């Protein structure tokens, strides 16, 4: 054991072979698999010119125009939103935004394949067709792994993050298939499949990788004035564009419209209660930036399933109200670390895992209580996609399946994360020693000196 | 009096009770009022599935698709644009972006109700219907209060800001009703109802709250290198998305198209004249970041009313040209502070009040000179909404009403602001002492030390 | 000669006369020229109300709705993307984002005129009609000059940059006319007309303006921790919105849809290979922020021509894969500086010139190999605009013309840049002395002191 440790110390954070190797091998694999499987769908293929004439359509009926604005908003959330939210640490801002960039770029390629195999593989030709909706779904699929990154921030190597993403995207595609296709749940904004899964996936990995001596890098574990402002860029772009996230792949028309309204007002409500609890918790009522950066978003996470339902505007406000409180309390009392020995750098438990889980159950309740009176007959069919063999599933049953879906996502997160965590324990991945966590020096060329650790002159 | 002052000193910046109380009470009030009044409109309700069939529409005719991209741009302006523009102070960046986040989140809920009561209350059911256009209008309505925040930045407590927003949104809804509905003015981008009102509202409050000893916090009143760059994020997102702001609720078709073109080129013109005047005013021709962050936007403020009119492209350039000059001169010669004892932290007078007022009068002139020859018969009816009892109002009269509308917005701003200012003088709101203005230490947990005040090591 | 030099030293960076003069003269010229030439097009003119009825259209058929979301993304790329990408220097961040703002604002006005004269001048009325597509094209046209700015960053005065933009936009309009109209090339995302031209234009200017003693300002030539984060804002907004850039003016329908998909996946691929080469090149495998900020974008530059073609998804991945490698190697081995005495501040050669040139040739190859089988008969006509006198041009010939177009853009860049460079050598422009390059003190009022040059306390 001592030998392994000393080898590990020697290799410590040396990724000059492993990181390029992983990037090259996986990117080449992507090229080959794309070559074999991926094709343009009928709306992005040049044959559209003939297809549209045959079907009496115009160019402006191309689905592209009804998805693209939301797609770009989601894209901004993935790269700027998640990326900058993770720049808050005083000396790990490169790693926060940079590794997020790396793993999202890999993840979305792998997601196009994995989701394609499960959802749009044409069994006669063996090809997967991709279009604008596939790109949105790929961004969603990445989000699960980026959430997991939040729990691991500063404690793992980029090579480990690539592994987290490889398995994270794979597990996502499977649980999504089970939840959306087999259980026929509705989950437009992914409370279950994205946030609940991603949160517990990251937490389980972090639990396995527990570092008893992490206090050795305590000096680096915190923000400075301007790193908090960079993080606010991330927070605000997530906050503003979350209505697009929850509506991007809903049904056209009223579903998309309603998902935007519900998410918008749930978010507004979260902000007020997050400020309130944050202020109450501090001597003299001072507000804490950590809460504002995170808990203000919890309302939208919890609306991920129910946003397209007729939850009513005041229902959305109530969800946001409660989530702002619950999430802020989670940051105030990080009991996981104390009771479970689980280190959660960004507080993924409070922002994604718990609000995601609750969002799943909220969705189940709202679905179970849906009536024809509220939705209209056609509206109920559209909203819950009651077609084919699901045409006669009553709403109570639908609610039960929604709740079951939430449990599936938790199970996938916990079990998958535990397995991935054990894989990442092998001493070959170049992860930093306990006293070099949260330090960009480990994996980045940093040309300027860092500031004193108390930030005394840093603004 | 001495007793009150000493109590006030004791309470100074203590908001542990008042801030949570205001947030909770107002958020709970919102939930109750939303429960009583707010419902989805027909395009966001599940009954749309039947409505569209009955009216021979498709999902893609849902108004959502024609408003949503502009809505998101406006949303970015409200939270990132205004928020980051106010991070320029060296030690008040948390407060700039954070309190903007808080009051906009409250304001847009309250705006949905207030504007709803005035504009879309169904008198038979007693309900307000909301859809995507309501969300845009709510963001607009907030903007008035956020502009007022600019004049007060660093000198008031978050509780006071919540009061400013409560009254600001209320006053906005009333003056908007008078100007747009009773006077039947056109004001797509809100030169009058948003900028002119918001500017004078903030200035009047600031005038009442005049602090003769504000020089005691002079050391904090200025920017450092990187706080100026954060502010440029705000400036640029405002600048880029202002065409969406001025076009977001215009008529579909040519009106929206034209508003974008006019705003885009007016803004471009403002940039050149702002640089020119800034350079002329300084020894050796050095440019001042304060001017670039603010005066470059003045052209768009002044196009808020006329953007949808046939002002012609060169007309827009001329407006931008003049506004860049006027606004920069305003920053160079802050006569208000000297002559009126009015402290205007962000220069709201130069960026919003004056350009907004001038924009109202420009709109009046352009309206008064509109002819059927230029607009076509149908175009004139569409652009000026000449329907019902306004069908026969001649264009000269319309111009007169537009000018009257501008005066109404100024009056509402000044009188409303003066009243709110007096309310805010009560010594119960936790506002900072003169030597603690512009200091995030007052209301935020700041974990890292601040830099030396000369910024010597700060970059 | 000595006398000229001493005069020059005296005038050094004094722009109090020249900068305002240039801004005023050119802005007034714009107003006059707009007055003479520029009018609203039929979709943004109030006559649209009658036009649409006559042509049986609705407001929602206005082209505005199908271009505006992409337009705004492109607009963000021009001002925030290019602007913040150039903030990376430790003491030239104001200049990076501020001068970009100035010259883009001038450039887009001039571009509306120049492109209008070449493309949409109505010879009977003598008027140019502008609409949303003109605004996108104007942003594109500016991009050429902004790229050139990247090569000159920190070494020229704002007056010189205005001259660079005046000639850059003019040259752009001419070469674009030759390439797109006379040679009938396709170049949706502008690999040739924007990146290749802009890159070589900037490099040629920089070559003429070579400064043998630039090492005197070496202390300022580098980034510090937070300036790199500001630059990442630019990188990410460019990266995320590049699918809009490459698709903004493509054919409606499948062309626009396909351009988005191809660009999105080429970019993802570039990220992995940029990380790989960056890590391989450094001791212990540390990643270099310079590479991540720039080389990750090279895939999209090289897809500028071929994005709308049927290059296949895996073809796009391969392009991104190779460009990430080539571009990163370019940053690792800046041979231009050593062999050609050419100072290229931002590495424009590696990010724009070479990938743009290669993108032109990739486009030529993909065009030459296009078949009716892959595109369908109608699809081939649409994609390559095979109409009128070009209806019978075979695809091999088209490929040849595409390659010729690339050569035209290089020639325009090199020759035009050399001439402009010589104009800029006159000692009248207020450019900084060698030891004051890369220093905001030259042209900006900087109120706070700068940090120590080793960045020791700066974070």
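Order of writing sets the chain letters: A, B and C. Residues in each chain are counted from 1.
The rule is short, and it goes like this: a contact is a pair of C-beta atoms (placed from the backbone, for glycine too) under 8 Å apart; a residue touches a chain by one contact, two chains touch by 3 or more.
Everything numeric here is computed off the predicted structure, so don't read it as measured data.
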Rotational angle, Cα trace of chain A fitted to chain C, multiple of 5°: 120
Interface numbering overlap (same over half, different under half) for chain A and chain B: different
Distance from chain B to chain A - Cα centre to Cα centre, in angstrom: 33
Multi-partner residues of chain C (at least 2 other chains): 65, 69, 90, 224, 226, 233, 455, 457-458
Chain C residues touching chain A - in the complex, by the definition given at the top: 61, 65-66, 69-70, 73, 90, 222-226, 228-229, 232-233, 236-237, 239-241, 243-244, 251-254, 256-258, 260-261, 264-265, 267-269, 271-273, 275-277, 279-280, 282-289, 292, 296, 310, 312-314, 317-318, 321, 374-383, 454-459
Interfacial residue positions of chain B with respect to chain A in the complex: 13-20, 23-24, 26-28, 30-32, 34-35, 38-40, 43-50, 52-53, 58-60, 62, 64-65, 68-69, 72, 75-76, 79-80, 83-84, 87, 90-91, 93-94, 97-98, 101-102, 105-106, 108-109, 112, 130-132, 135, 158, 224, 226-227, 230, 233, 430, 442-452, 455, 457-458
